[in-house]
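Only one structure is covered here, and it is reproduced in the block below.
Every chain is named by a letter (A, B and C) in the order it is written, and numbering of its residues begins at 1.
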Amino acid sequence: MKRGHLAWAAVLVLVLAYPVIFLDSPVYQRMGALVLLAAIGASAWNIVGGYAGQVSVGHAVFFGIGAYASVTGFAHFELPPIAGAPVGMALSVGLAALIGVPTLRLSGHYFSMATIAVGELVRVLSSTSDWLGGAQGLGGPAMPRSVMDLSFLTALPYYYIFLAVLAALLGLTWWMERSRMGFYLRAIKDSERAARSLGVSAGRYKLYAYMLSAAFTSLAGSLYLCITGFVDPESGFGILISVKMLVMAALGGAGQLFGPLVGALILVPLEELSNSLLGGKGAGITFMVYGAIIVIVARFLPSGLLSLFAPKPRVAAPQSKPPQSTPPQSTPVSGHAD
Amino acid sequence: MMFDISRRKATRDVLALGAAAIALSFTTGASAQQSVKIGAIYPLSGNSASAGNYEKMAMEMGADIINNGNAELAKVLPLAKGGGLPGLKGAKIQMVFADNQGTPAAGQSQALRLITEEKVAALIGSYQSGITLTTSAVAEKYGIPFVNPESVAANLTERGFKWFFRVTPVAADFAKAYSAFLKEQIAAGQKVNSIALVHENTEYGNSVASVIADAFAKDGLKVTMKVAYSANSTDVQPQVLQLKEKNPDVAIFVSYTADAILYAKTMKELNWKPAILIADDGGFNDPAFVKAMGSVTEGLISRSVFAPGKAGSVAAICDALYKKKTNGDGLDDVSARALQAFFVLADAINRAGSTDPAKIRDALKATDIKPDQLVAGYDGVKFDAKGQNILASTLVTQIRKGQYVSVWPKARATDPLILPYKGW
Amino acid sequence: MSILQPVLQVLTSAAFWQVVVGGLMLGAVYALFSSGLTLIWGMMNVVNFAHGDFVMLGMYTAVVVWTALGGGPWASVPIAAIAIATLGVISYFLLVRHILRGPMLAQILGTFGLALFLRYGALWAFGANFKTLPDDLVGHSFVLAGLRFEGARVLAGTMGLVVTILLHVILTRTSVGSRMLAVSEDETAAQLMGIRPQRMQALAWALAGASTGIAGALIAMFFYTSPTVGETLAIVAFVTVALGGFGSVLGALVAGMLIGLVESLSAFLIGPVWKDVIVYVLFVLVLWLRPQGLMGKT
């Protein structure tokens, strides 16, 4: 017991002291901040994609809304970008309700496809709006006007801000896990039909998860705008953003509290370091490695890396059972969850 | 005994030799061959990798010219004598390339790495305007000079930055050039009553198209059709059919390579040839386009800052050298701008006589290069207070027998303009 | 009367019919490269996120056949079919087989990783530059009934139709096909009847790969080839499959032609940017109102 506590304490100290340990390496400080930002996005996705089992491949919609809300607040109203964050979150929750009601009825692949379509639709539409900067995008404050602009030279302040947000998000998720909602979501994820038959209003809880997830994804987008200072339709709403959130959560372990963080801890440094080491030659080896690692994890650890540490279920005495004929998560071909 | 003496002698000789070697290394260390590191951040993977790689090759060639010299070029360009930068006692230039992966965040990360870990003296980059925005912001915060060869978004020089220098002309300059060119054609009796503007729908296409439309409006030229299409379309037949129906006198395309190839092919398929076909740079100047479609686009008008020009000129010699490096592709609008900006930076570092960023910045501010020293067709290189090269300009070129030649302004033209558009 | 006139004018203009024909031919090509995706999806409930990159590799096969052997479509199409079929089978045995029983998330993860690997592998192997095949590889354009037809597109469209129908016939009318369908319906029952599920699934990947490779080789005749071209094509394929109905090759054919037509018409009548919007809106509507698509199983 004590050793476990000591280990956790050591990890906590390490996490808190990380930017100070790397005080003379802005690159590593930034990498830490980027890991945390990615973890926020992936953890937000995890709420609806991991816990509720609704695999959204269009979450960039909310990310982009958060980023654009922040940047338009600056570009059109001279507000500090962070002021746009609550606006973005409100808009995202509203949009999630709007999209969620019709699409959450769909099951499995159909829901995923619908989220892709909506995501692409929003991306194309955003490039036609001059107020959003059109295809050129919009830039945040070129030089910080005050601390509130959150435009810092080193990544150290970002690290702590992102850490605080991530801690809050994970805390909220942890509480949700143990709450009634978490219980219902697990039931829905396991078998929606069974859950409904037991009186769980699946539609309502899926929608709550979706809206909560949207809010924090939007916050991640606003924070992204603060550290990067620019957004355009591709970097705000691009499908790669949606997929990266998903991949990080899945790699670490979807539906697990720390899954997304583990995924981010692996994929973000991987991307940054391999680009730094190999990118200059321009051969794209960075992403070949990235892709290969994802394939290997999917192949050998389909439930994510954290499943390596999950307690192994007790094996019952062998019985003569016919082999499973269909995978447990097969999608009813009708397309509707029933 | 004899051996003892000889061993002692040998030892003494070895020691003497060693001491001499050490002393020698110290002296060479004093007049040490430093190297000057320049960081270049470009799209080396992703959708714009083609352009990024051409620019990388251009700058590699530039560094090679300065470090190892080229006899023919040295006749016109002093820096090409070789042996590194004379102002830094022969220090060689070392290019450090980084991939911006087509995302603003990756560009930022690489800029940070190049500045804080590779300790570059200056940065060059980054092709996409949005990425140039974020990478140059990092340079500004750290006080490192940032030279931009090719991004055209207007806001880049409107940020009040002190370390940002843009060598290329911007969209407004191109529009002015087209306007002046077309007005000259009207004066020569050509019909220019209807103009169609076809542009791809991302940053490049939108910004250039709207600037052209504004400039034309001010100069009394009528844009009768404006067609925005999605970049990376799978098919452009409907657009070409529309254009064929309306048959404007002048058609101006603003496209990336993929779309350029698609449009050229589709126009041939559907047999539509406007009298004046202007293709704004971007995809149409990509060697891949010229190789693929050059033979069926005879008479296509484009703008480029580059045309090989007269034999023996800086442009012509560099073009020949580049062809050797790329196995056949000559310099084009984008790669020429990269090479030019590289030379501007090298010249500034040379005059600064130091790798101190502030001194380099001051040298950049004082830059004044005459047109005969340039590989790009600018009127010169001189930066204003915002960091914009006020002598940047563009040539209007035309495809003649599968190659671009300059046809306007008359003072720089190597060939006469031939109208109407011949095509295939 | 006044509304009818402009409508009639449009309907009788040569340009309009050119657009229609062009859209249908394009649609047949969409159908071809979507048929592989829908087959896999229908048979084993796997969304292949690497599908676009399979097409891309088919295109590069054609480019390599041209540059190395000087061969046109008559050579590159069969070679691409074999090459991508092999890729499909390898993907099945090394990856897909193991993620079939896993959560859908693992499938997305796995095939997405594969997509990245193939895409950037192509960048590393072939470089970033766009490659195009010469115009006259398939003969020139000809005029028929006042409409222009371009050789490469006609070939692609016709072969698209032929191969898709052939695939449908194989699946529904041959004994191999019925064995494959049996496995997709109930693996255990099929096993009890002496059918080996893994063999059938591998065969499905081979067939899907072959049709995708053929599609790629044909598209390369009139479209540019680059490592990232798969991204653009993949989205079209997903929309086509969703519209047609997951698992229905015939549905993919109908949907492909429909999408090609809608795309071309909206680009011509309304505006090019809006064609994407219209297709996505159509997509969302179909998913909402009839998720099984036009011809999917209910």
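Here is the rule we use: a contact is a pair of C-beta atoms (placed from the backbone, for glycine too) under 8 Å apart; a residue touches a chain by one contact, two chains touch by 3 or more.
All of these numbers come straight from a predicted model, not from anything done at the bench.
A.B. asks: Kindly list the shared contact partners of chain A and chain B, in label order.
C.D. replies: C
A.B. asks: Farthest chain from chain A, comparing Cα centres?
C.D. replies: Measuring from the centre of chain A, the most distant chain centre belongs to B.
A.B. asks: Of every pair of chains, which is linked by the largest number of C-beta contacts?
C.D. replies: A-C
A.B. asks: List the centre-to-centre spacing of chain B and chain C in whole Å, with centres computed as mean CA coordinates.
C.D. replies: 38
A.B. asks: In whole angstrom, what separates the CA-based centres of chain A and chain C?
C.D. replies: About 31 Å, centre to centre.
A.B. asks: Could you pull out the residues of chain C that touch at least 2 other chains?
C.D. replies: In chain C, 120, 123, 128, 227, 273, 276 touch at least two other chains.
A.B. asks: Got the chain B residues that touch at least 2 other chains?
C.D. replies: Touching at least two other chains: 44-45, 49, 52-53, 201, 230.
A.B. asks: For chain A, which residues are shared contacts with two or more other chains?
C.D. replies: Answer for chain A, listing residues that touch two or more other chains: 124, 127-128, 282-284, 286-287.
A.B. asks: Looking at the complex, which residues from chain A come into contact with chain B?
C.D. replies: 25-27, 30-31, 34, 124, 127-128, 134-137, 139, 142-143, 153, 224, 228-235, 272, 275-276, 279-284, 286-287
A.B. asks: Show which residues of chain A lie in contact with chain C when the two form their complex.
C.D. replies: Residue list for chain A touching chain C: 49, 55, 57, 102-103, 106, 108-110, 112-114, 116-118, 120-121, 124-125, 127-128, 243, 246-247, 250-251, 254, 282-288, 290-300, 302-303, 322-327, 329-331, 333-336.
A.B. asks: For chain B, which residues count as touching chain C in their complex?
C.D. replies: These residues of chain B touch chain C: 44-47, 49-50, 52-53, 201, 227-230, 232-239, 241-242, 244-245, 257-258, 261-262, 265, 268-271, 286, 288-289, 292-293, 296.
A.B. asks: Spell out the part of chain C that touches chain B in their complex, as residue ranges.
C.D. replies: Residue list for chain C touching chain B: 13, 15, 18-19, 22-23, 26, 120, 123, 127-132, 135, 141, 148, 150, 153, 222-224, 226-229, 232-233, 236, 263-265, 267-268, 271-273, 275-276.
A.B. asks: Would you mind writing out the residues of chain C in touch with chain A in their complex?
C.D. replies: 41, 45, 47, 94-95, 98-110, 112-121, 123-124, 128, 186-189, 227, 235, 238-239, 242, 246-247, 273, 276-277, 280-281, 283-284, 287-288, 291-292, 296-298
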